[in-house]
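Read from first to last, the chains carry the letters A, B, C, D and E; within each, the first residue is number 1.
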Amino acid sequence: MTDIFWLIPFIPAMSTLILAIFGQKLPKKYISFQACFAVFASFIISVISLVGLLQTSHESYPLVKNLFSWIHAGSFKADLSFQLDPLSAVMALVVTGVGFLIHVYSVGYMANDKSYSRYFTYLNLFTFAMLILVMSSNVVLMFVGWEGVGLCSYLLIGFWFEKHSAANAGKKAFIVNRIGDAAFIIGIFFILIYVGSGEFTAINSAISGGAITQGVATLIAVLLFVGATGKSAQIPLYVWLPDAMEGPTPVSALIHAATMVTAGVYMVSRMNLLYTLSVDAAQVVAVVGAVTAIYAATMALTQNDIKRVLAYSTISQIGYMFIGCGVGAYAAGMFHLYTHAFFKSLLFLAAGSVMHALSGELDMRKMGGLRKYLPLTYPTFLIGAIAISGIPFLSGFFSKDAILTHAFASGQYFVWALGILGAVLTAFYMFRLIFLTFHGKERMTPEVKKHIHEPPPAMTVPLVILAFFSIVAGFIGLPVVFGKNLNWFGHFLEPVIKKSHEAHLTLGTEWLLIIISVAVALIGILIAYIFYIKKPQIPHSLVARFPFIYKLLYNKYYVDEIYNATFVNPTIKGSELIYDKFDLKVIDGAVNGTASSASFFGKILSYFQTGLIKDYALIFLLGAILFIAYLLF
Amino acid sequence: MAHFLFFLLAIVCIASVLGMIISKNQAYNALFLVLAFACMGGFFALLDAPFIAVVQIIIYAGAIMILFIFVIMMINLREGLPPERKKWTLYFALGIAVVLFVELILTMKSAFSSLKSGGIEKIGSPTDIGRLLFTEYLYPFEITSILIIAALVGAIVLVKKRDKE
Amino acid sequence: MNSFSALIPLLIIVFASLCIMILEAFLKKENKDYLAYISIIFLVVCGFFLVRAWNKDFSYFNGNLFLDNLSLFFSFIFLITTFLVILISMKYISLQGVNCGEYYSLLLLALSGMLIMVSSGDLLVIFLGLEVLSISSYSLAGLRRKDEKSSEAAIKYFLLGCFASAFLVYGIALLYGATYSTDIASIINHFQSGESLGLMALIGLGMFVIGFGFKIAVVPFHMWTPDVYEGAPTPITAFFSVGPKAVGFAVLLRVLYPYLKNVQDSSKAIFLLLCIISVLTMVVGNLIALRQTNLKRILAYSSIAHAGYLLIAILAQDNASLVFYLTVYIFMNIGAFAAVIALGKKDKEYLELEDYAGIGFKYPWIGATFSVFLLSLAGFPPTGGFLAKFYVFSAAVRQDLVPLVIIGVLASLISVFYYLRIIVYMYMKEPSYEVDINIDNPGLFLVLFLCLYGVLQLGIFPGNVLILIKQAVTALL
Amino acid sequence: MIPLSYFLILSAVLFVLGAVAFFVKRDLITMFMAVEVMLNAANLAFITFAKSASSIDGQIIVFFIVTVAAAEAAVGLAIILLIFRQKKTIKSEDINLMKG
Amino acid sequence: MNIPVLSIITFFPLAGAILLIFIHKDRKELIRFFTLGVVLITFLVSLTLYFSFNAQTSDPQFVEKGAWIGYGINYHIGIDGISLFLVLLTTFLMPIIILSSWTYIQKRVKEYLIFMLILETGIIGVFVSLNLFLFYVFWEAMLIPMYFLIGVWGGRRRIYATIKYVLFTMFGSLLMLVAIFVLYSIFYKATGTYSFNIFDYYKIILNPQVQVWLFLAFALAFAIKVPMFPFHTWLPDAHVEAPTAGSVILAAVLLKMGAYGFLRFAIPLFPDALEKFLPVLLILCLIGIIYGGLMALIQKDVKSLVAYSSVSHMGLIMLAVFALNVEAVEGAIYQMLSHGLSTGALFLCVGVLYERAHTRLIKDYGGVSKQMPVFSAFFLIFMLSSIGLPGLNGFVGEVLCIFGVFKTSKILAILGVTTVILSAAYLLWMFQRVMQGPIENEKIFSFKDLNKREIIYFVPIVIMMFWMGIYPKPFLRKMDASVIHLINQVKKKEAVFTRVQKEENIPSVVDIKKIGDKETNKKKDANKEKEEEVK
């Protein structure tokens, strides 16, 4: 039964191939059917595989399927082989499950787009690449998926390439990702050199066998993490994600919320032994995660674009996941990844519904009071917001709490404090979003208002399903306070993620932490309520009082500008300078100069050819004199 | 006596060559040259080469120079051409002359001592020369015939009036 | 073997020349082409005798005249040269108004001069042969009497030629004074025995080299070349660029090879001098050629540069490579001139680079063959020019003349530019005016193809020729 | 007896004078005459050496050189005449159609 | 195997060219189809090379040896795992190139195709020659058709470009010729036989001082061809001005000759000199990678952008070549193939665009994807292949190259890996400006998407790209033996040399037979006899 898991990535691949070649000639209905079915089939196989996996003993983990030897030259070996273990099974489920829902949603969302087949080709390709990423059994193949999803991200962000901004955003995403990838591949090389193989099992046994010193481990871990910051939009390589919202909304949901951007978290979890070995690297991960979590949250505070708020929120949430990984609670990080997939894609899809209803409007300042127009979208959106804010008994609560508890338990109080602060901000900006969008005055133009309608069932059904999961998904990983062995999720991952240190907290402390985090979430919601429903003038007066901070936040700390000014522009300007002054003048000039100096000497010499006999005779005579003189002396 | 004759001839010879250089008039030049060649004949005679001396005077001073004078008269330029007027060229020429002369002297210096001037066993009498010409030097002699053909053909083809055009 | 057979080839040629002079008087103007055919017949007959004499080592006149393999090979090359030149001249003569009978006659006399030079080891005979060649050449240069340039070429060639001859004679005089002999072998013996008067002999040899340096046009004795080449009738230019040059090298080979091989003069002064001259020749020739726009002048400077490469062969003391180079050089240079001649019509020759714009596509055969000759001159494989340079340079490297070879290849790099520039004009520029030429010229096309064949054969399968050359140069050992 | 070296020195003087005259003089005919002087210098050297060698080979060589000079004169004067007919001048500076 | 397959492959195009002379120039279709037939047959025949190639041995295969001129100049050809694929690449690309210029070239079709066929012979000849003389003949002869192709059918500054190309290349190769002479004479003096046989040269061990100069000369020639950093200026000019097919063949095959030359000649012949110059060379390569990338970034002309990208990519290949370990060298060869495909394909794309708009300036385009979706897909794939996306050919080569370099020097690899970022930057930016965004140039509205012919020649490239990206084994396995042999050869030679150095004072040439190789002795005697026969 479990043998067939390697089919999981290949079904979308086949679908991609068919769509790529024949897509333009196929009817839309068929396209949507095939695309969705392919992902669904993968999902089914994932479920089957999971079931099979549960029935297999832990000792035989991971199940590896080696298809063929891919690159093999000298000591460089990389096979095309997949592995199934709890981690990849969870990821496969999330990818295919959420992916399927988003495919279905897209059928409705993209119904009128003329590049329909292209869209689904890309989407299937993405699923394929993501599955390669999560299921590969070695780090080189993982890199294939890693780059593959980057490509799809590029393609889908730039899906509407006629828009400059979309094309730009896609390119930016790819290049920024590549920066991370460059570090990543160097990390891979270190692994290959020190381990001799890229297989995860080999890496793990090398680490546990002590073949890798801590220093090397730190080096590798940091390099890989740089790759992760690119893919998962962490400081300093997060800049592409907000721009990535240029893509179609389902894409934002799938790639830039649920799956691809969490690949970094998956990778760190996959390499958990490495990060456990290297305390410094883990510390880096935790700090970067925490700082990103709060940093992105602050930027989300002032954004008016609904998807951008969600984008910053995603960055922030991934920060949380890295906090989890960094403090050694990989299971918690993965747990948050898993719940986040549901509620964040829910939020994005719901935002997509709003856009759909408002003819593509994204600016919150032009919304308001949508509650009554969108009776289905509003509650689902609300569920998502509650989940992300960490209100008890929704999925986000459990996962975020697990992370913060572990952070506290591991003694990283600073990180914990940042996490709590982030929680306040999260709750605040999410409810700011809710209040501005669905409550208060209606600020739409009448033109837009006329067309407001709930989207078709293809879009609403996934919303409902995701809302459902956003509520219940957390119950597979209950914290200790609710009972000893209720963290099923953590147990399931145990074979892959060796528990480093159990949270040695008293029940009382745990309760306290839970209460604190719930309290701050509620405070955040309350502030949002006061600011945007009760006294809408407060934000304005705050802006008036702290214009600098507002501007800083509104302009995203000017990071894009700084990057442009420090890296991009100097590179381009410098290259132009080198091209003009060095390439053309010096190098080319040397070449041309040689030629023209030859010609110049030729000219000088031809002056001696005066055409006069006596000059010729004179030169003859001089030559003869010198000749004889040479012979004489 | 011989010394006197030699120096006299040498002075005349060099003077006439110098005269050729300095004089503007080509006719004078030719005459100077005739004089120089005549002196040359004298030298040949001094060097026990009477036949060549005669040949020199007859062919050179007689035939060739007559040819020159014919041509000069055919051309008959009104004004003569002085040598190069630019001063530096003349100085330059002088310099070159000195250097070349020094070089040649240095070259031949080694020979001065080894030259055996006393030998008078053989005098280039017409008989001896004639015999040699038709035995040992037959081939060069034949070649001179080709040479003269070539010169004839060349000279004719260059100066003959064109067929009516 | 002392035999009258040794004299036969020379006699045939001289006889031919006289015959033509006589026949010309009886032939009608329309039938003057017959003179060319007759000369060719004589050439063929002469060639037949030359071939018969191979390996026989005929000699005559007490060894003043000998037909060893080397002189046979060179003689044969000169026959081919003359043959090709006659073929390219036939139409040219009628188009450009040159006197017909004397033309062929002088050409044959020049040939006889060359035959005399290569088949003798006596400096006097060589000198006389040279004068036969020169005097015919002076007249040939001036044969286009309508053209002021032609007579200008003649006078320049004549005066400077005589000037150089004077040096040559003085050199022979000094050699004679030092060794009391004009025979090369005994002169070399004298040198070897290290008797006194070495310095005078050395200077004598030097002046001899100067005199021949004029003929083969090496810097700084090259000044006449471009002007004479430009002014002379083009087929004659073709002749000048290969005939006198080849014969000059043949003589230098005879004189210098034993000298360089056997004589240890103080630190090899002549050797170093020749190195300097060779470098100067290659560099100056090629550099000035860069600036030229007249095809004939370009080819003139190119032929100067080639003299430099040939000197390397002499310095490398590899006779086979020198002879091979000369053989190839004859084909490619005559071929190139043939192509230049092809571009002409009644009383008009197209000689400026501008005229060549678009020729390559308009007259594909002329363009293609000309390109091959130019590429060969530039030394591109698989043409003979490459192989020739290859042999010369590799021989030089074997003699540890690496710096010279490096300069040589760099100079030939410069030359690539101007050779390719002609091709650029032929193929890559659009013509700005009409160039119409008379392509009804079978003789010339025959030459183009023969030279093409020669260049390619020598470049790709030179085996047989090389074997012949090997046999020929054994005569020098 | 006169030392033979005198003759050699004289020969050198004549050769040098001829060479210099060749490029100092400006009319073609005299330039050619200068060449004749040079040839004569060589002749003198030949005869001197022949005398020293006590052989008459040198004299015969001179005989040939004289012949050559005659042949050259014939052709050379023809060419000069040709030039004169075309250009009406025998100034060497005027013969400069081709250069560079 | 008695059929001289290699000779057939080498000279069949030449024969085709000669036959082509006799077809009247106005029958253009016939001429085109004839040429296509010739190159297709060549390609099909060349496939047999692949299938009957024995991957177990590093010895040259399909060897043909015949007496030619003598003095060591023999007709000696054969291929090993290194040259096999370069030959195949050439024969594979040739039909594509012919198809690509089907309508692009309208003037002087016949001459164009004749030169193309001659060029093919020249290129294949370079790769199969085992005799240094023969190699040099092909190496230089190949310049001529290329010279005409750029000069006659090129762009506005074609004459400047073509002359620069020829002179620049010749500058290097002439100095190499001198070095070949020196080698030849050293061999002659040491053994008394003439030889240009590369395997004979492999056996001699040279004095390091001599090696230095010889290596410099060889390296200069090859570095110019590659081109390595300061010698690259001919490349943008030649690429920009050449007709599409010319650019394709230049980028795809001709540049590889430089790298091939290093692998076949410069490195195995002069290992000690290589060691001496290694730091300089590596740094030049590295500069080339980064410099090429930066220059590509700011080019305004699509073709020169791709040209500079070649500088960068070839820099990586050379870096790998100099890293001299199995991974790196195999990676380098693999990358040569994949660079051949991807850059060639990019030039084809530029050609497609140029044929429609007659401009190469990036600013004249924009939004082409919208008009030409199919083309856009192909272009995208080619671009991705060029930036080394996993799953496509570029990745395999690139990752092997960098890994190999990494094994040798970590710093270099880390700096070299910037190519990953830069290539993405300049190509994506170019793609964005050309293919994406709104259509601003009116002309673009009239663009027609690819026609059948264009699709026909793009598809095989795409298939090859995926194949090489997904299943590189068939390629890598065939080159294993040769590459390992090459590396051992270099290492062994160094070792032998140190041994010799200890034993005696360094002679200018150490003949290996002194160290005991009786076989070569016999062979040389046989050679000698042959020589004498020739005499």
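Everything that follows uses one rule, which is that a residue touches a chain if its C-beta (ideal position, glycine included) is under 8 Å from a C-beta of that chain, and two chains touch if they have at least 3 such contacts.
Computed from a predicted structure; not experimentally measured.
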Shared chain contacts [chain A and chain D, defined touch]: B, C
Neighbouring chains shared between chain A and chain E, ordered by label: C
Between B-D and A-C, the pair with more C-beta contacts: B-D
Of all other chains, the one whose Cα centre sits farthest from chain E: B
Label of the chain whose CA centroid is most distant from the centroid of chain A: B
Central chain (distance from its CA mean to the mean of all protein CA atoms): E
Distance from chain D to chain C - Cα centre to Cα centre, in angstrom: 26
Whole-Å gap separating chain A and chain B, where each centre is the average of the chain's CA atoms: 103
Centre-of-Cα separation between chain C and chain B, whole angstrom: 31
Centre-of-Cα separation between chain E and chain D, whole angstrom: 64
Junction residues of chain A, two or more chains touched: 595, 606, 609, 611, 613-614, 617, 621-622, 624, 628, 632
Residues of chain B whose C-beta touches two or more other chains: 84, 96, 100, 103, 106-108, 111, 114, 140, 144, 147, 150-151, 154-156, 158
Numbers and ranges of chain C residues touching at least 2 other chains: 124, 128, 131, 135, 138-139, 142, 145, 154-156, 159, 163, 167, 174, 177, 199, 203, 226-227, 291-292, 417
Touching chain combinations (by label order): A-B, A-C, A-D, A-E, B-C, B-D, C-D, C-E
Interfacial residue positions of chain D with respect to chain A in the complex: 19, 22-24, 26, 31, 92-93, 95-100
Complex contact set, residues of chain A against chain D: 606, 609-614, 617-618, 621
Chain D-touching residues of chain C, taken from the complex the two chains share: 124, 127-128, 131, 135, 138-139, 142, 145, 148-149, 151-156, 158-159, 162-163, 165-167, 169-170, 172-174, 176-177, 180, 182, 226-227, 230-231, 291-292, 297
Of chain A, residues touching chain E in the complex: 20, 24, 68-76, 80, 118, 140, 143-144, 147-148, 151, 154, 158, 161-164, 167-168, 170-171, 174-175, 178-179, 181-182, 185-186, 189, 192-193, 571-572, 574-576, 578-579, 583, 587-588, 591, 595
Residues on chain C engaged by chain B in the complex (per definition of touch): 14, 17-18, 21, 60-62, 64-65, 99, 102, 105-106, 109-110, 112-113, 116, 120, 122, 124-125, 128-129, 131-132, 135-136, 138-139, 142-143, 145, 154, 174, 177-178, 196-200, 203
